[in-house]
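These notes open a run of structures that come right after.
Below are two complexes that have chain A in common, paired first with chain B and then with chain C.
And now, the complex of A and B:
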């Protein structure tokens, strides 16, 4: 249990967290914004991983939960005196219920059809927001600006850490997680063992829709201007999918790695070449490379072996579930 | 004789084609009953309809005094019926231990779960040796053992086994049939579907022979095994 590798890992996690908490005092605002973005995408990728990784259902509609969350917070804060903290919780509750409804309709579909169904749903939401009278349509919505980058950095970091902890305990450490995985592996077998497969699928989909709603709300308040194309565009869901695939689907830390690398890479390209679509070309090549050479994602790179070679965590064979 | 399962005039259709054309049979407590027949005779459809995986288009299914016709399969499982599907349905990326754990989710009697876990490991020492391995890394025979073990963990008293000998080496097939007899001896009622009619008849109390969605013959297994008609059609004519 307490192998040297495990101790090292805990120590590194602790150090990393302290560093993350001190970040606003160390780095310039420009970089702080980038790290706020990293947290945002880590949270989104982890949320998508619940349904895509643990449940095995590929959703291309998760952008809609982010967008609906953003609009819900914007509307609540524009028309009521409800503070930000509560507004994002309202967003989350709303997208949770929303996901319940979408799940109820789309889980009649299997595999590819589920993916298409969720995508169509997200596209529908974009059109709805463009047409509704109170969302500002194609003018978008503006929120009162709050210039406090440190605040938003901590909010996004807290949300990302919350999703991470939630994922770990619900999907890796609980009997519910085992239930979810059994449905992913063999739906009929799970059913004949008394698991209500439909219920499990709907629960996971709803949970994976809750967090993007909260994060979307926080995003709206951070960016202060939202538009159907910026928060409900298809690229949001696409990026969640690619980030998870890049890092390692169905794992806790894979999405964290994938989202961090991809978002930082995106920003570096943006800084060097300006706001161009070259990023998408590199993204496409990266996807091809990952699928060809690392289908299980970066997390399956043989880092443990390398560490062992330099003498960390050597000796006894670690049971296979210890480090994943 | 206490009847566990009573099926009356069961019909199943796939898009207008009748796979089962009104079959009736029963299984009594403590029996091993086999359905034998060629490919496409409707054996697997019968099991799937009984466990609720597919919907019956006609007829009635009664399990331990409950009308389960049209009930969802997880609810039927809750009444103590477990279906080990064709191809075993092992959770390949879960460990052996986790596979068995999933089996026991349906119940909450801690003592019973612990006792059944011991029973399973006693019955299948191989599974205990490999409890930390992934289900997908087991051999075909071990996977079948795991699938049966998992059904035992669900606390079911009635097991539906669909082609447990499929794709296994002859020696392992022997093992599987002796295991089936053993779990029957310790109190499980078994409804078996097999292509390996010879082995299945040897292990069972009674049998039904199916042809194109109908039951064409039924009787005691030891009589059937010597029946010239059955021999000719299903046992290779020896």
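And now, the complex of A and C:
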């Protein structure tokens, strides 16, 4: 922590945060929207990483929590005079309870069965929203438009930073994080050590559903128009998974890197070709290549060693210093 | 009464097509331990192969199905080692890696098809299109009957192959226990390649039929991925008899729901059913799965 490397890292984090806070005054609205999107996806990727990375349970259904949050916020704001700030808290609470229930049911399964179960559940939610009388079916819902890009940028940034800090302290620095990791490594062994495995699994699942719910609510208010394919489509959950894999699964900063690169890449393709299907080609190829050649993600590229070699944070490796 | 029988027959005939997908998919799962997210895209590519065969070469795709099957089988045989290398990756969550890899493949195929061929629906006309058989007031579309007959023949042929030939026995042994099969001198790698090739060939054939019966478009894959998952999960993973039963059940559910409840509810009911079968009968409806 107090080594040269650590100090450098802290200083860079501080500088980065200041730069991010000043961003709305520097860059044009177009780019600000892209950075809002980056924050959104960083938050989502980090949320998925809680269950997929730290817990080791693959969920293909996390898009459902994003969508439920978005619809809950839209419904609350359409039918009541409740302001946005409280509406996303309500939708966050609802999503948390909802995730609690889904987790309770789905944790009867494990491995591939769990992945398929969450996927089936998410698809079910999309069908439910398509058919419910008050969600507008496939036409979706509109919210009162608010044109204030700076506001949404700060909201998304705050959410992303909140998830980041939460991930870091809960999963990397607390005894709860150790419990979660021990369950991931070997459930039976964790159980014999007196860890309530079921409880831990349910808590992590609900937490990893809570944040997408809140972020979904903010998304709905930002975009002002949601429909089942945009907030409950399979692409939401899929991108969360891919972003985490790209950056590095089960790490704090991997999902941040993965989400930022993928979202910016997506926007560059969108600006260049303006056509969404070529994005799918590149996304698909990227997934295959990452998994085949870089299964640990970009964060495990030997950048740190290269930095040490040129003298930044030069330090002898101390055994057990880095807890992986 | 007539409506019920017609619905029942329609369901059985659609179920027949799903059997074709189910058989290969289950076998691939048994031998390679992989749930292929791209299964629907093989169906889509099979349908497109038929469409281009018709449009560019001006032949009836239904008569030239062996060409399509051989092409897909060969492509899969060549490609399988790549997939295998992903399955063998030493990683904490290796199963996830393979699942995500096939998911990447499916995204790639869908994106490529959308980019190349656009969102339009296309139709395949075969010598059986618009033909139908009437028995006692029940209409049997010739194409669907042909598909079901094909599916039954292929399934029986497949069973004979699995039970009577040396390769077939090797496949079954590898599906049961790879390590011991390896000790008996079975080349697991070769078996996996063969199985993947068979699976791709069968799925593309299902695609030819599905494309001729309904229509062809690059977005059709997701639907059949959902169906294939339904069949494998509801049937109990790795169980043949279960998969066939689930394929027929799927056809019946789809047919009855669309007639008596409404087409919009098909997927809701299917996913609801899938989810609860998973939760409470994870060995499948016949209780024979892994």
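Assorted remarks:
We take it that the second predicted complex is superposed on the first by the 314 of 324 C-alpha atoms of A that agree within 3 Å, B and C clash if a C-alpha of one lies under 4 Å from a C-alpha of the other, contacts with A are read in each partner's own complex, and residues count from 1 in each chain.
Keep in mind that, in the parts below, a contact is a pair of C-beta atoms (placed from the backbone, for glycine too) under 8 Å apart; a residue touches a chain by one contact, two chains touch by 3 or more.
Note that the structure is a prediction, hence the values are computed from the model and not measured.
Contact with chain C, but none with chain B, is seen for A:279 once the two complexes are overlaid on the shared chain.
Contact with neither chain B nor chain C is seen for A:156 once the two complexes are overlaid on the shared chain. Comparing chain C and chain B on the residues of chain A they touch gives the larger count to C. By the touch criterion stated above, A:111 is placed in contact with chain C alone, chain B being left untouched. Of the two partner chains placed by superposition, A:262 touches none, neither chain B nor chain C.
Looking at the shared chain after the overlay, A:42 reaches neither chain B nor chain C.
Of the two partner chains placed by the overlay, only chain B lies in contact with A:192; chain C stays clear of it. Once the two complexes are overlaid on the shared chain, A:232 sits clear of chain B and of chain C alike. Note for the complex: chain C touches chain A at residues 35, 82, 85-86, 89, 91-93, 95-97, 99-101, 103-112, 114-115, 222, 226, 229, 233, 264-265, 267-268, 271-272, 274-275, 278-279, 282. Interface residues of chain A, counted against chain C in their complex, comprise 52, 56, 58, 105-106, 108-109, 111-113, 115-117, 119-121, 123-124, 127-128, 130-131, 234, 238, 241-242, 245, 249-250, 275, 277-288, 291-292, 295-296.
Residues 175, 178-179, 181-182, 185-186, 188-197, 319-321 of chain A touch chain B in their complex. Looking at the complex, you find that chain B touches chain A at residues 51, 53, 72-74, 77-78, 82-85, 88-95, 98-99, 101-103, 105-106, 132, 134-135, 147, 150-151, 154.
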